[in-house]
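Shared between the two complexes below is chain A, which has chain B as its partner in the first and chain C in the second.
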Partner chain A sequence: MQMAASFKVWANRFRFRISRPHVVMGILLLVLLVALVIIPFLRMVHDTAVWQEADTRISRAAKPGEWTAFHYLRVFSGRLSAVIFYRPLLHSLETSLAISFLAMALGGLLAWLVVRTDMPFRRAVAVFAVIPYVLPSYTLALAWLDFFKNERVGGAAGIYQYLFGAPTPDWLAYGFLPIVITLSLHYYPFTYLLLSGALVSIDAHMEECGEVLGASRFTILRRITFPIVLPALLSAFILTFSRALGTFGTPYFLGAPVRYFTLSTTIYSNIVNRTPAVAYISALVLILISMFILYANQRLIGSKSFVTIAGKGFRHRLTPLGKFRYPAFFLAFGLILLGVFIPLFLLAWQTLMLYPNDYSLKNLTLHFWVGKSDPALAEGESGILRNLQVLGAAWNSLELSVLVALVTGLTGIFIGYVAVKGRKTWLAAMVEQGSFLPYLIPSIAFGAIYLSLFTQPVGPIPSLYGSFFLLVLVCMAKNLPFSARSGISSMLQVAGELEESAVVAGASWAKRFWKIILPLTLTGSISGFILVFIATMRELSLIILLVTPTTRTLTTMTFRYVEQGYAQFADAIIVLIVLIVVAGEFIARRLGKREIA
Partner chain B sequence: MKTRFFVLVLVTLLSFGLASPSWGQDEWLKKAELGSYAPASVDEKQLYEKAKGEKEVAIYSYSSRVHQFAKTFEAQYPGIKVKGFDMDSAEIVTKVLAEQKAKNYVADVIFLKDPATAQNELLAKGHILTYVPPDLKTVIPERFQKPFLTHHVSLDALVYNTEVNKKSPVASLWDLTRPEWKSKVLFPDPLKMPEFVEFLSTVVQRAEEMEKEYQRVFGKPFQLSKDSKNAGYEWILRLLKNDAVISGSTNDVSNAVGQPGQQKPPVGITAFSRLRDKEKNPKLAFDVAYDLGPVTGVATGVVVAVVNQARHFNAAKLLVRWMMGDEKGERGYKPYFVLGNIPTRTDMAAPKGSKPLKDLNVWAADPKYVWDHGQEVRDFWLSNLK
Partner chain C sequence: MSLIEIENVSKRFGTVTAVDCLDLTVQAGEFLTLLGPSGCGKTTVLRMIAGLEMPDEGLIRIKGKTVFSSTEGIYLAPGKRGIGLVFQSYALWPHMTVFENVAFGLQVQGVERNELGNRVHASLDYMRLQGMEKRYPQQLSGGQQQRVALARMLVTRPSIFLMDEPLSNLDAKLRMEMRSEIKRLHWESGATTLYVTHDQNEALTLSTQVAVMDKGILQQVASPHQIYRRPANLFVADFIGSPTINFIPGKVHREEGSLVFRNEDLVLPAPPEEDLAGKEVTAAIRPEDIRVLAPEEGKGPGGEVYSILPAGAEVILQVKKGNLLFTIRVMGEVSFEMGEKVFLQLPLEAMVFYDKEKGTLLYPSREQKNGSRAI
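After this line comes the complex of A and B, so read on.
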């Protein structure tokens, strides 16, 4: 009897627990995460150890569907392993490391100048410093080619040759050096944003204490300032490193001409050359490296933390730069010029040139924007604003970005709701942690995972390959960490009593959500929406393996044009993307009356 | 909760909406009149009427000139739009395989190089079908109708700069391995362009002739390095050891070779049909080395086929017929009626200035040999890259 009663109590309690909206939602979100991240990942691992259809060409022993170690042997110990794996691995590591350090140096310097010194025009510099992040990551690579391209790969040489009369040396035009420079100029805003946040919260008293005790400027920097900002620096390092590892466009455009391949570019070429399992193994290696870095970071930061915001008075002291005020400003200004304005100017100029290496005024044309098809130019392709393929791609891009921003943003709010309402339950913790998983998987590897899973039916779901919906799914999954973070932080600002009073008044959950939670979190989430919109608009690495002719986006069109050697078209599309992104940000900002954080 | 539910319903609906209707294999063949149901004759007007109902036709093409014959097709057959997609041959195979698996049939017609792969991975598995327009059956030799329709044969050969050289500065393929041509030989990337895997495989297949040629050129017996199996591989190895420059496209090769004002211009292997570039840009100065030993070049087929379960099969047939052109090399064939492309229609005159095939010393790539050995050749190439 007693047992039955206690069971009833337990069952009731269970039913109560399970029926609370955040629990139901948490379970649904967990299922979603498993479906979007865990299952695709496992599927890819499975495919590395199974004969693929395409293997019938490589090996007569291939029996599609059966287990084999063939791919692992080919990658790690075969005759080709140096070419298809070890050398690209080395290139990936050396570029990503160099990019991280250079980007951290640039971003750190800029953050210090803006936050802690009396450099003039600091506000303006602060506004422009984050722009590179908004541009597609390979904008600079294309601009670099316009300037430094030499005749090695055929076609017209760049401006450098025109100015100096000599061909650009290969090491300057292609490979390691340009990849590092262009990507550092793209990724430094990560460090800038994180570090300026950390620097703002340092009380000048701490440094003054050191000064009073007779420490030199350098010692203060090394023993006080640096340790405090170390956690921010480390996060900046991870963010930059994992992004650089997974990016595809720049290493491909600047590396391929001299056969400087990285893991991300070999993933692409292995998919294109129809050895997908080999690509999946490279993707797996990329994921493992990312995970290792994150783990190492947690070990490092875990033991160190400082309370910098205390109850006492807090004040800033700006370091006077003295006679270096203007030189410092010109340095910061030059960085922005190099990272944003010069490349965009070069690209825009290039789109107006009829023949690529003719710099005379009469060579200027609007053909690549509005020109009609002319068989003598670019095999008869018409200008991009007239070109149905480009316009179709522009529509796809817009549709994709808006849809992904909305769906991801909404999911982010749900995650925030579950995480905040269910604080300290294992379910909330799982959802919160799980939503960060996609972050660990480099973009190109994420695309490879989805390719491996969705080219065939999965259970009741038919094969999604070639559908627009698949692009939405992959972009949503990859951007989940950002929107989850903004969802959680905006949900934290909404006091629980607001919803509770509605509960008392008898409002249904759906009504509470639409009338209270959504409106209140929306303003907080708007920056998340914009971020995802921008990220999707300029995305290449993530979707390059998944687009089909009918689902082409602007970024993949650019890629196609670069491959065919039509620089003007490629550059014109980039300019178009930048215009759309800027317009999107402007509109969203007017709507939300808030700036991007 | 409603939102969740709504999203779920949406997802389910979407996923069902994606699967396009597909017929049973035989049913579709019968309906499309393909395979064993292909009729003995086709009335163009009737076909056009039926095709008009389909409104459009999608083609995946290895060549960007797809947009040119698409335009003339649309002018000839109003009411049918051509969606032409231009991509690499390997990509075409990948996409068709994926579409077949996904039952999401986007492409109706494919137009690609690499007959070996098309035959073994697509045709043999029923993913594509051969359609030879009935009225052309008598004018196209049997070998270009089976196993599939060959649109034209293209040649890859050596080009040299004619501004600096009166005649070709190299007389033999083996000359390219000499020190004086170090870093001065351009070769298109076989990992990007399958026809150059065919080129290399054919050289390997003809190892005996390569060996004889070696003795003729160097006047000493041929010696094998330990890495290579025969004289064909040895040639590839020495070419790479001589720092051959690997180019991204055939266009890049002809531009680099033909650029005027060079002191010591390079030579390069490229598509014979690049000679057409000279008409667009008269400044380019290059020509094909016809008297190269042991062979002028390698001939490879370009395939056109209808995709299994194509939704616009009538328009697809009409398009294939259009692409095959008329006896003057006009209509849909026009963009390909250029020097270096050999029409498979025997009733079509060769383009102006071209030598008849029988006067050219070429090796035809053998799709079976390429299928059996192509990967080995690619791996050999890859493992000997610097």
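After this line comes the complex of A and C, so read on.
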């Protein structure tokens, strides 16, 4: 009797617990995360250890579907392993490290100049400093090619040769150096944003204490300021490193011509050359490196994240630069010029040139924008604004970006709801941590994972390869960490009592969500929506493996045009993307400002 | 009639027991305050009555109807319990106007448009918020926001008002004003009110009954007068009253046929209770019950003035005797000086005795009347 009664109490308690809305939703989200991240990942791991259909070309012993260590042996200790694995790995690591350090130096310097010195035009510099981050990552690579390209890849040479009359040396045109320079100029805004945020939010009193005790400005910077912002600096490093590791466009455009392959570009070429298992193993290595770094980051700064951040800006006394005021400004201005304006100008100019390598004014044309098909030019492709393929791709891009932004943003709000309502329950913790997982997986590897899972039917789900839906899924999954974070932070702004008041008034869950939670979180999420829109609009690494001619987007069109050597078309599309993306960024900022006001 | 009945209710958060086997009954029309230090479980009790929190065990009845039972698996949603709730933060919806905030509950109930308008206006008028309908909560002062929260609670005509520290976000002056507002509300509506606070002044001035809680356990339920005059245990005695009550440790001895209370520093007559003989006890006396006499007038235990803290209408005096430090409240002014020798009078009828180990009340027992004592 006693036992039965206490079991009943226990069962009722369980029933009550799981019937609460945030628990129901948490379970659904957990299922979603397993389906979007865990299962694809396991499937990819499985595929690395099983004979593939394609392997019958390489090995007689191949029995498709059976277990084998063949792929691992081939990648790690085979005859070709130096070429297909170790060298690309080395290239990936050396470029990512160099990019991270350079980007950190540039971003850190800029942040300090903008936040803490009396450099002139600080506001203007602050506005433009983050633009590179908004642009597609390979914009600079294409601009670099326009300037430095030599005859190695065919097609016309760049401005360098026009100016100096000699072909650009390979080391300057392709490979390590240009990859590092272009990507550093693209990624420095991470450091800039994180560090300027940290610098603004340090309690000014902490530095003033040092000053009162007689420390010099440099001592204060070294002994007080620097240690406090160190965690922010480290996260910037991690962020840059893992992004650089997973990016595909730039290393491909600038590395492939001289066979300077990185892990991300070998993943692509192995998929194209139908040795997917090798690609998956490379992807796995990328993921492991990413995870290791994030883990190290956690160990290093996890406990040390100084929450001196009081949530408000402090008035800091600015360091006078004296006679270096203008030199500092020109430095910052030059950085922005190199990272934004010169590349965009080069690209735009290129699209207006009828014949490449002729930089005279009479060579200018709008053919590549609005021209009709002319068999004498580019095999009769018409200008991009009347080219049905390009317009179709533009439509795909817009549709994809809008859809992904909405779905991901909404999912982010749901995740925020579960995480905040269920604080301290394991379910909420699982959902919150789980939504972070895609962050660990570099973009190109994520694409590879989805490719491995969805080329065949999975249970009741038909093969999704080639479908628009698959692109939506992969973009949503990859952007989830970002929107989950913004969902959680906007949900934290909404006091639980606001919903509870509605509960007491008798409102159903749907009504509460629609009338209270959504309106209150939406204002905090709209800029997040737009950022996901932007990220999807310029996405290449993630979807390059998954698009087919019917689902191609603007970014993949650019890629094809570059491969075919039609720089004008490629550049024109890039300019189009940049226009859309920058417009989005400014709308987001406007809304962001309004929220703060 | 008992309107709210709580039987054997427990609630744990992880390993922390927030509420432990609580039994509490609230009579219709009562103003009951749950009082205790922060983290004592008082808010959890309120939230369980509201239905926002699910007890792990136990039974809750409202108006005779079971709204929660762990054994029968009954759980009634908050909206169906006929309650109104005001939060400490007011929890006004920032994206809705004052009118929309107040109207929400009626909309959910599907109240017809005209009637809805009338009731919202009536409720706003009652809280003296005419002309504020179109404003947003952020445009109101703290006191006005508080009134909107009360109007929102009133509009659905609940028979039970639940209030969770509604005044702690207000400044001292507004708090006084809103106290009388809430008291008027209770008196005019006749609704049973359950009020949570950590502020003993609020509890003592507003309530008809006070329930003191500590560490999830109910310590005492009684009228404000009883709670102050005859605290059920050492915790309640110490928690209620500012400055705090004086505790004097000692032992009851039988000397020359009568009982005396004695420690190293003083000897006092003990209450005539044979059971007390030989017991270690803690005697307690309120600061205002001790009389201080100048050396020339007095005899009895003497001590030195340790500090003098004037506070307008009264003076708080500390007198040191051996290891004991007495806190004494004297109305008006005093002419003593620091370090001066004075004599203390500790009248037996003002003293309460507790078991030193268990902290339970020994004398006067609850049944004993003590008519001679005025507040």
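Rule of thumb we're sticking to: the second predicted complex is superposed on the first by the 555 of 597 C-alpha atoms of A that agree within 3 Å, B and C clash if a C-alpha of one lies under 4 Å from a C-alpha of the other, contacts with A are read in each partner's own complex, and residues count from 1 in each chain.
As a convention for this text, a residue touches a chain if its C-beta (ideal position, glycine included) is under 8 Å from a C-beta of that chain, and two chains touch if they have at least 3 such contacts.
Note that this is a predicted model, so its numbers are computed, not measured.
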Q: Consider chain A as the common anchor and indicate whether chain B and chain C clash or fit when overlaid.
A: fit
Q) Between chain B (first) and chain C (second), which, if any, makes contact with A:222: first, second, both or neither? A) neither
Q: Using the touch definition from the top, say if A:520 reaches chain B (first), chain C (second), both or neither.
A: second
Q) Which partner, once the models are overlaid, touches more of chain A's residues, chain C or chain B? A) B
Q.
Looking at A:257, would you say it contacts chain B, chain C, both, or neither? Reply first, second, both or neither.
A. first
Q) Between chain B (first) and chain C (second), which does A:501 come into contact with in this model arrangement: first, second, both, or neither? A) second
Q. Which angle, in steps of 10°, is spanned at chain A by chain B and chain C when each chain is reduced to its C-alpha centre?
A. 150
Q) After lining up the shared chain so the two structures overlap, which partner does A:317 touch, if you call chain B first and chain C second: first, second, both or neither? A) neither
**Q.** chain B versus chain C as contact partner of A:63, first or second or both or neither
**A.** neither
Q: After the superposition, pull out the minimum Cα separation from chain B to chain C in whole angstrom, please.
A: 17
Q. Of all the chain A residues, which ones make contact with chain B and with chain C?
A. none
Q: Can you check the complex and tell me which residues of chain A touch chain C?
A: 5, 8-9, 11-13, 15-17, 424, 495, 497-498, 500-507, 511, 515-516, 519-520
Q) For the complex, which residues does chain B have touching chain A? A) 1-4, 14-16, 18-19, 58, 60, 64-65, 67-68, 71, 83, 85, 87-88, 90-91, 93-95, 97-99, 101-104, 106, 117, 120-121, 191, 245-249, 251-253, 255-256, 259, 280, 371, 374-375, 379, 382-383, 385-386
Q | chain A partner contacts - residues on chain C that touch it in the complex | A | 13-14, 50-52, 54, 56-57, 70-73, 75, 77-80, 83-85, 87, 89, 91, 93-95, 104-105, 108-109, 152, 156
Q | Residue numbers on chain A that touch chain B, as the complex places them | A | 21, 24-25, 28, 53-54, 56-59, 79-80, 82-84, 151-155, 256-257, 259, 269, 271-274, 373, 375-376, 379-381, 410, 455-457, 460-467, 469, 509-510, 513, 548-550, 563-565
